[in-house]
Amino acid sequence: MTAGDIAVRIKGVSHQFGEAGEAQHVRALLDTSLDIARGELLCLIGPSGCGKSTLLNVIGGLLAPTSGAVEVAGKPVRGPMPHEIAFVFQENALFPWNTVVENVRLGMLFQGVPKAAHETRARRALEAVGLADFAHHYPAQLSGGMRQRAALARALSLETDILLMDEPFGALDEQTRMILGEDLSVLLARTEKTIVFVTHSLGEAVFLADRVAVFSARPGTIKKIIRVDEPHPRKPDFATSEKFAALRNELYALLHDEIRKAVAEAARARVAGADGGAA
Amino acid sequence: MARRDERAARIGSRAVQAGFLLAVLILWYLATNRWGVNRLLLPNPISVWHQLLDVLRTGEYLPDLRVTLTELAAAFVLATTSGTIVGYFVSRSRYAIRVFDPLFAGIYSIPIILFLPLYVLFFGLGPASKIALGTTISFFPIVLSTIAGFGNVDRIFVTAARSMGASDYRLFRYVLVPAALPVILTGLRMGFTVALLSIIGSETIASLAGLGHHIVELAEGMDMARMFAYIAFVVVIAALLNGIVSFLEARGRRRG
Amino acid sequence: MNSPVRHFLPRHPGVVRLGAVIVILIAWEIAARWFIDPLFISPPSRVFASLGTVWQTNGVPAALRLTFFELAVAFAIAVVIGLVVGLAVGLQPFARRSMMPIILLLYGLPQITILPIFILYFGIGAASKIAFGVTHGMFPIVVTVVAGVQNLKPILLTSARSMGASRWHILRWVIFPHMIPSFFAGMRLGMTGVLLGVLLAELYVSTAGIGHFTTLFTENFDPTKLFGLIAMLAAMAIALNEIVRRAETRFGRWR
C-alpha cells in the first residue's frame, strides 16, 4: 500500500487502565500496529476484554493511549475528529427526546454542517438506511434494529471518510443481525468509506469484512489477519458458500483457544476479587 | 491514577464543606462584633453559645419538651392505629383501593396546615388542637403506604400459603405482614417526620406551650441570643428524633 | 339492586369515591346541625350558603389576591434559584460532591423553627411570606435538577463529543433537554413547598393577608366563615397544584 492509500495508521498502541498494583489495573492492549487501507472494511474480532473496543476508541480519538499513536489521513489523532471519523455505538446513543430526523440533524449541527444542507443530507441518509417513513418517530417507538439504522443514518449524514462501528448489532437478535448485515453490505458498497467494525460474531466478520484482525486474549494484540477475497456487495448466498465456511472455520480455530483463555482469566479475577474483599 | 484522584476529590470536598461551615461561623462573628450588625437582628455567636449552655443547664426546656413529645406521641399513635387499620381494610379489595387511594392521595396534596384554625376553634389553644392536626397530617402517608404495602403483596405468596393450608390469621401474620412491612415502615417514618414538623409548626402559630411556642415567646421578648440557642436546641432534638426513627426503619426493613 | 347499576359501579370507582365524599358531607351536616354546638362547627349547607358573605367581607378578596401574589412570586423566585443552583452544582462534579451534603443538610432542617426570625428580618408584610415560601420551595427544585443532570447516560455525552459538539452544544442540546422532565417534577414539589411556606407564614402573623382573617374568624367563633375561607384557600391550592401538574404532563415529558 502506498502512503496515500492508508486511511488509518496504528503505530505500537498499548493501553492500560489504572496503575500497576492497583485493583482496577487492566492491560487492555499490547503493542498493536496496523495499517488500514482507504475504502476497506476491517473487522476486529476477539474474546471479551481483548481490547478491540479500546482500540476503536483510540482510533476515534475518544481515548488517549498510554503509548503509541494513531494517524488518520496523515494527521495524528489527538481527540475526536468529527470531520474525518463518525461512530456507531452498540449502546443506543440516540437522544430519546428527539425524533429520528432531529437526531440526525443534531449530529450535523455538532459537526458544523451549514443549516441549509441539513434537510437534504438527512433525507438522503434516512433513505439509505430505509427509515425514510420513520423520520418523525421517537427512538422509544422503534425496534432495536431500527434504532441502530437511525444511528447509522446519523453517522452517514456526517459524510466522513471513516466510520467506526463498535458492535453495532450486538444488542440485536440473530435474524435482525442477518438482515442488517446484508443491508449494510449493500449500503457500504455504494460509498467508499473506510470502516472499522468490531464484532463478536464470526459469521458477521466473514460476511462483511475485507480483512479480519483476530485478537488474542487480554492483554490484546493482533494474532493474525485474515483476508476475505469476495467482491462487495456481498450476496446472501455467500453466507452459505464453501469459501465462507472455510474462512469461518479458520476464524473459529484461531479464536477458540483465546476465548477459553479469556473465560478462565475472568473467572480467576472474579474469585480473586471475592477472596481479597472489596478493593 | 484514578484511585489517587478519587481520594483527592473526597478530601477536597470535605475540605470545602468544613470551610463552608467555618466561613459561616467567622462571618457571623465578624458581623456582630466588627461590622456593627444590630444585635437585635443577629446576636453574638458567643452569647448564643452561652445561652445554649444555660438552657441546657437550667433545664428550662423540660416542660416544653414534655408537652411537645406528648403531643407527638399521641398524634403518632392515633395516626398509626387509624392509618394501618383503615389501610389494611382498604387493601383487601382491589376495587376499594381504586376508590380510596386517589381520594387519600388527593386530600394529602393540599396543605393540611390550613385546617389548623379550624382545630384551634374547636379544641382551643391547648395540646388537643396540635394532636388533632398532627394526627390528621400524619394519617395520610401511613394509610397510603399501608395500602401500597398490603396491596402489592405478590399474589403468588398468598396462593402458596393457602395451598399449604394457612388460616386467615396465619396468612396475615406470616405472609402479609412481613411482605408489607418494609413499605409500611417507610410510611411510618414519613408520618413521624411530618407529625413532628406539623406539631412544632402549630405550636409556633397558635399555642400556649411547647417548644415551638417557646421560640415565639423568646422572639416576642426580643431575646435574640436565647431564641437562637433555643432554635438550635430544637433543631438538634428534631434531628435526633428523626435519626432514631430512620434507624428503626432501616433495622425493621433489614429484618424483613 | 338492578342489573345496570351493578354493572355500572365496578367500572366507575370515581362515582363511588364521590359517593363516599357525599356520605361524609352528610354525616358532617347531621353532626353539625343536631349534635355539636354551632359555635364550633358549621354544617356544610350553611358554609356553602354563606360563601358569598365571606367574599363580601371587607378585605377578604384583597387578602386572597395578596396571598395568590405571594404564592406566585415565591414560586417564580424558587424556580429561578432552584434551576440556577441546581445547574451550577449538578454540572460540576466537584461542586456537587462538596455542596450537595450541605444542601441536603439545609433541606432537612425543620424550617418552621426559624419562622420567627424570618418575620423579624422581613417584617410582617408580604416579603416575609414570600421569603419563607422561597426557602421551602427551592430545595426540592435544586435536588431534582441535580439528579436530572446526573443521570444522563454517559454514552450520550460520548456520542455528542464524537460528533464534534462544543461545550455549549452539549449543554443546550444534550444536558438541557435531558433534565427537563426532572425539572418539571421538581417544580411540582416546589409548588407544594411554596404553598406550605407561604401559608405557614400567613397563619403565623398577617395584617392584610388571609392569615389575618383566619385569626379574625377564629377569635370571633365564626366557624361558618372560617370553613368558607379555608375552602377557598384549599381551592386555590388545588388549582395551583393542578396547573403545575398539567404543565409537567404537557411539557415535562418526551413523547
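Note that the chains are named A, B and C in the order they appear, and that numbering of residues resets to 1 at the start of each chain.
Definition applied: contacts are C-beta pairs under 8 Å (C-beta built on N, C-alpha and C of every residue); 3 or more make two chains touch, one makes a residue touch a chain.
Keep in mind the model is a prediction, meaning the values are calculated, not measured.
Colleague: What is the chain whose Cα centroid lies farthest from the Cα centroid of chain C?
Modeller: So the chain farthest away from chain C turns out to be A.
Colleague: Based on mean C-alpha positions, which chain is nearest the centroid of every protein C-alpha shown?
Modeller: C
Colleague: How many angstrom between the C-alpha centroids of chain C and chain A?
Modeller: Computed from C-alpha means, the inter-chain centre distance equals 50 Å.
Colleague: Taking each chain's centre as its mean C-alpha position, how far apart are chain B and chain C in Å?
Modeller: 19
Colleague: Between chain A and chain B, what is the separation of their C-alpha centroids in Å?
Modeller: Their C-alpha centroids are separated by 54 Å.
Colleague: Considering chain C alone, which of its residues make contact with at least two other chains?
Modeller: Residues of chain C never touch two or more of the other chains.
Colleague: Which part of chain C faces chain B closely enough to touch in the complex?
Modeller: Within the complex, chain C contacts chain B at residues 10, 13, 16-17, 20-21, 40-41, 93-94, 97-99, 101-102, 108-110, 112-117, 119-121, 192, 195-196, 199-200, 203-204, 214-215, 217-218, 221, 223, 226-227, 230, 233-234, 237-238, 241.
Colleague: Can you list the residues on chain B that touch chain C in the complex?
Modeller: 9-10, 12-17, 20, 41, 95, 98-100, 102-103, 109-111, 113-118, 120-122, 196-197, 200-201, 204-206, 212, 215-216, 218-219, 227, 231, 234-235, 238-239, 242
Colleague: So in the complex, the part of chain C that touches chain A is made up of which residues?
Modeller: It is residues 153, 155-156, 158-166, 169, 173-174, 177-178, 180, 254-255 of chain C that touch chain A.
Colleague: Across the complex, what residues on chain A touch chain C?
Modeller: Residues in contact with chain C: 60-62, 80, 82-83, 85-87, 89, 91-93, 95-98, 106-107, 109-112, 138, 140, 154, 158.
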